[in-house]
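For reference, the structures are reproduced in the following blocks.
Each of the next two complexes has chain A plus one more chain, namely chain B in the first and chain C in the second.
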Partner chain A sequence: MFSYYLKLSLKSIRKNPYLSGLMMIAIALGIGASMTTITVNYLMSSNPIPHKSEQLYYVQLDSWSPHFPAQEPNEPPDQMTWRDANNLMDAQQAFRQTAMASSGAVIEPPDRDNKPFMASLRLNFADFFPMFDAPFLYGRAWEYADDKAGNYVAVISKETNDRVFGGENSVGRPITIGGQQFTVTGVLDDWVLVPRFYDVTTGAFKGTEDVYIPFAMKELMQLPNGGNTNCWKSPEGEGFEAFLQSECVNYQMWVELPTQADKNAYMAFLNAYAEEQKALGRFPRPLNNRLSDVMTWMENQEVVADDAQMMMWMAFLFLLVCLLNTIGLLLSKFATRTGDIALRRAIGSPRSAIFSQYVMESALIGVIGGLLGLGLALLGLQGIKQLYGSFVSDLVELDLTMVMLAIALSIVASILAGCYPAWRACSVPPASNLKTQ
Partner chain B sequence: MLIMTNLEKTFRTDLVETHALRDFNLEVKEGDFVSVTGPSGSGKTTFLNIAGLLESYTGGTYMLDDYNVATLNDKQRSRLRNEKIGFIFQSFNLIPDLNLFDNVDVPLRYRGLGSAERKKRITESLEKVGLGNRMKHLPSQLSGGQQQRVAIARALAGEPRFLLADEPTGNLDSQMAKSVMTLLKEINLQGTTIIMVTHDPELAMQTSRNVFVKDGKICDAADVHTMPLASNQ
Partner chain C sequence: MSRWELGPILRAMTRNKVGAILIALQIAVTMTIIVNAAYIIVERHTMMQRDSGLDEQNSFYLTTTGFGADFEPKRVITEDLDLIRRTPGVVDAIQINAIPISGGGWSMSLTTETGDDADDVNTANYMTDEHGSNALDFNIIAGSDFVASDVRWRERNQTDWPDKALVTKALAESLFPESPWQESVGKTVYIAEDEPVIITGIIDKLQAPWIGWSNLEHAMITPEYLVSESTRYFIRTEPGQRDRLMAELESTLADKYPNRIIRDVTTLTDTRERSYRQHSAMITILTTVMFLLTLVTAVGIVGLTSFNVNRRKKQIGTRRALGATQGAIIRYFMLENLLISAGGLLLGVVLTIALNMALIEWFSITALDWFYIPIGVVVLWVVGQLAVLGPALRASRVPPAIATRTV
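On to the complex of A and B.
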């Protein structure tokens, strides 16, 4: 009977093209708005590194004031001090680890015709690249020995390589960053992380950096702070070195801990470290150190903005309004068919068959509306691209999951919308409606 | 095969109670061709609707082929209608956007017959009413008499044991009415039991038995030639 109901539904839609079209547009608008916001939320909240998100941990040490927490109710600071970052790195207690910070510097291309430009920098350790699965186009990461020795080595992004070296394999070639000459050890391929989870303090939806250099360059080159810097007390002394040794936090720390035992051991190490620092007169607060895996950290940092979630719920409400309109239109459409229904009942159709026939018609309208809605969602996402610029342009796309979700949502929504009108239709008393034809 | 005993049908509103049928007793045997006559509002159509399981009754018993109709649920009633009863209406009640083939196909679809069997039955029944060459026509492309023939073909395709006809010639001119009546008589001769509601005394006289209904009751069941017949309205 499926094909029969489908045939009848198509005939009915063709018979009332304007009314059917209105319903399709109503569903399309609802689906379009919902899918646009769902896609944005889906991308915002997606797991950026699913195969190891439960092995990568963000480290928090509570080095904050004895009088108030870094954040209510009792949150430790979301970054750490230079001193702590270096101490933890020196300890090498994790399978992999990297402290990191963001900064910026001018890059001077060797070609004089190519103008110097400001580049975003990430200061990190060698483990950064394998920990976060950074893809290499040419070469590789530098070695931990380079970190220890303070060697001037760099990994550059594909875009930077295109800009400075015209896209050639630049491994081993010199590049001038912040007035210092570095040697390129590797060129990253296109690397899109959504969200860019390794540093959400400066915005989780920014692109990856132009250049990556050893963490030690912060001190050696006296590079400026990037992102947020927070202090609970003023530095003791003047100048860059005094600032580095202060209780100001500007550095992130990630560790890779493959097993629960590794995690427990590292947590014990952190607490022992904090006790050690307490003995030295630091860490005045009670022990409050944290290890958060990737998704926990995203949640803690509220990566999915409240307004994005609000928009999504608003869009669902809009879809509900569209469905209520569709219900009204379906009731009006089915009300004109009482003669047809009564006749079918008279010649042997049970109520369930009439119900199925009309639900099928609603579902078909929903499918067509859903496909139109997908088109509107694509337009909506184009609008978001225009609004938020080039970074999101590679990201805000409807993938297969989203397309399937849109179609499923439209079918479910239209079937739900069609149930009441279909139930009304199948409740038509045949006897009193047969003479109305 | 159709036995109504002390059947009652009362329509109730907040203010009024109307007895459409009361103490209605009727037995129709296999092969009968029964005409039901009576003045307007006498309960003829209510009787036909109850007989066709389109409406429930409020009292008495109704046995159709040994089924106590009161005990049947919607699905069972629908199945009985589909398999045992054929309907012919005064206003034809064809589905306007389906061609003749698809119109006749409707009851067969609900019976769940295979496509080859359905096609055979549709072709045969349309040929039987003389419209075998118009299967792809829409009802609006036919005359009233032809549309009624399609309705008869639709009823016949299901090979029903009962044919319930409500004023089948009411919307037709005398020539077409005559041809439809001839067709019904042929169908009856082939064994189908027919119950026909009509206002037309001439048609009633052509049936084997007339039932006169007045105020929801059968006055008497007698030979049609001795019964007073309602004037055509």
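On to the complex of A and C.
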């Protein structure tokens, strides 16, 4: 029966090529626009570390001014002070933990012909690598003991390794970063995180860093601040040390807490810590500490751009117009078929047969339109890449889920669009229609 | 009334209610999207037209980062600036901590009195010497510019501020809303709640680094050089000299002091393009959507009307045989569309306002100006009429003789 209806549908589509084409193009445009925007939103809001996103928590402490919150209505600052970051690290109360900062420094390759270059730095603790599943090509992460001792050790990206060491296994070799000699303990493999969730303060869709060194280097090498620095009061005194000891926030902190009990315990620890600091005259605000898991934090930081969401809703409305269009055209098309339908009903077809046949026809139009729409979505994504530049290139890939979604969406949409016209078609009264013929 | 055949048109419509409702709905949703999209486009376009105050066509900047233990920032910066300023084709050059409209920079809060309760005004902070007005192309409209002796060196991690500053007119107005901006000269403001700075001059225009910031027009300049291995020079050239000087200065500076990296040699026009890219992309996308949507709706109307014409061929022929002119047939279809559109557009006005309210609620969009709605109504009415014209003309050519034949 299925193949017979399919044959009938094809025949009917061929009978009105312009009208059918029009419907397919309308559906294709609607699906194309929707899929383009859904893909961008889907990738922007994708979970970068699905298997443990619920065990990784971003830590916020409310160390802000007594007079106003860091952010309305009553949000704690989105980063942490140097003092708090180090205190929490010293406490070692979580299963894994890392405070971190971003910075930049000049790398001087050992051979003279290879020009020095500016590299992006991440300052972090040893736990950073296992916490975020950083993939190692050679070697391994440094140890917490290196963090404590302030050893000059570094993990470098594959790209940096290619540039400085020509892609060889450089574990154990020296590398000059910011005028200081470091020892390479590990080389990362290609590491793409969309979004780069561990630090979204200056944009969520940046690449991972060139070089990773211990957090303590911030103080030892007096490295400049990367990202955003916010202060609610000026540092007391002059110099780098005064800045580090100030109430200025420039550091991020993540902890890994495998169970809910761990989370509760860590929250209790944070609150106790805040009380302790209050006793020392800091933390003038009421207790307002937060632990947000990866996806909650992404939502809090509004990683999905407003424009992308707005476009998605507009695209859905666009699809709605295309569907209304298709319903109207199908109605007209089926209306010309009353003669056939009346005849078939008169010689014994049940209504359900007529109904399924016409729904089949709309679904077929939908599938063809959907496939065309996929093509348009590919074009649309290329267009987005052109318009927004390379920084969105990780956001404009169609994956299998999206392809399946596009086809499903077009079939569902076209069947919905086809239902009413098909129902109208099958309720044709056979007798009166045959009479007029 | 009867001349316009409104009665028969309405009666015919009630026989095919669903068809008419579908077209009306389609027009309503189309209007909703088009009017809101047009409003967003105009809003973004206006945003992109804002003037940074710089001579953007003839300016560029670069970053130099020195390395090695024997690097002397003060000497290198002084010599670099001297060299760049003496280069033929350069109007002026400065060292500056941040580039307007580039997306990265410093900001501080200012108060007009000390104490915690004072209202604060946020401003972008630029640090440069007495060449600022010439390089950044601003004018002192009250008070006086810096002189060489005002300029100090801000050491690494030095956190105090010089006692003089220039502020933009917009910032002066925000700081002292009660008095005319000219009177702000000589007044003291407090930076970070307690450190006094005297306003010595008002400048006409200079934008902050962040184009999405609500205080974009707030800028404050303090007379200082920054002691740092990594520093930025902003260079203004004579017209037409920019591209040549970009390449030339990059190599001259690199040759003069090899222990450094020169990077990010960027024009202001590129910076503007990059900063506003999101908005120009939005404009392109929304324009495409508007165009395609109007097309889909128009083509839909053409398709449906053509079908109706085919279906009613016999009636049309009968009317023609009974003496209706070709014009009357055309008028019939045009009027029919006009009536359906009217219903759709009425609903469209309501939906447009509803969508606008939803966008205000969820996204940072401001309320639609009222005149977009009548313009949208007229445009879609015209589109509907144009779409229906073709099929209507075809209908008018149905020969009267068809009335005598069976289909």
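As a convention for this text, the second predicted complex is superposed on the first by the 425 of 437 C-alpha atoms of A that agree within 3 Å, B and C clash if a C-alpha of one lies under 4 Å from a C-alpha of the other, contacts with A are read in each partner's own complex, and residues count from 1 in each chain.
Please note the rule applied: a residue touches a chain if its C-beta (ideal position, glycine included) is under 8 Å from a C-beta of that chain, and two chains touch if they have at least 3 such contacts.
The shown structure was predicted, so the numbers you read here are calculated from the model rather than taken from an experiment.
Contacts of A:91 after superposition: neither chain B nor chain C is touched. In the superposition on chain A, contact is made by A:11 with chain B only, not with chain C. Shared-chain residue A:419: touches no atom of chain B or chain C. In the superposition on chain A, A:403 makes contact with neither chain B nor chain C. Within the superposed three-chain arrangement, the count of touched residues of chain A is higher for C, of the candidates chain B and chain C.
Once chain A of one complex is fitted onto chain A of the other, the partner contacts of A:348 are limited to chain B, with no touch recorded for chain C. By the touch criterion stated above, A:434 is placed in contact with chain B alone, chain C being left untouched. Of the two partner chains, chain B is the only one touched by A:1; chain C is not. When the shared chain is aligned, chain B comes close enough to touch A:340, but chain C does not.
Overlap of the chain B and chain C contact sets on chain A: empty, with no shared residue. Across the complex, chain A meets chain B through its residues 1, 4, 11, 15, 339-340, 343-353, 429-431, 434-435, 437. Residue ranges on chain C touching chain A, taken from their complex, read 18-19, 22-23, 25-26, 29-30, 32-33, 36-37, 40, 65, 67-69, 116-117, 156-160, 192-195, 230, 261, 263, 274, 277-278, 280-282, 284-286, 289, 292-293, 296-297, 299-300, 303-304, 307-308, 310-311, 355, 359, 362-365. Those residues of chain A that touch chain C in the shared complex are 19, 22, 26, 29, 33, 65-67, 104, 106, 108, 115-118, 178-179, 222, 224, 231, 233-235, 238-240, 242-243, 305-307, 309-311, 314-315, 317-318, 320-322, 324-325, 327-329, 331-333, 335-336, 383-384, 387-389, 420, 424. On the chain B side of its complex with chain A, the touching residues are 49, 52, 54-55, 74-75, 78-79, 81-83, 86-87, 89-93, 95, 97-98, 106-107, 109-112, 154, 158.
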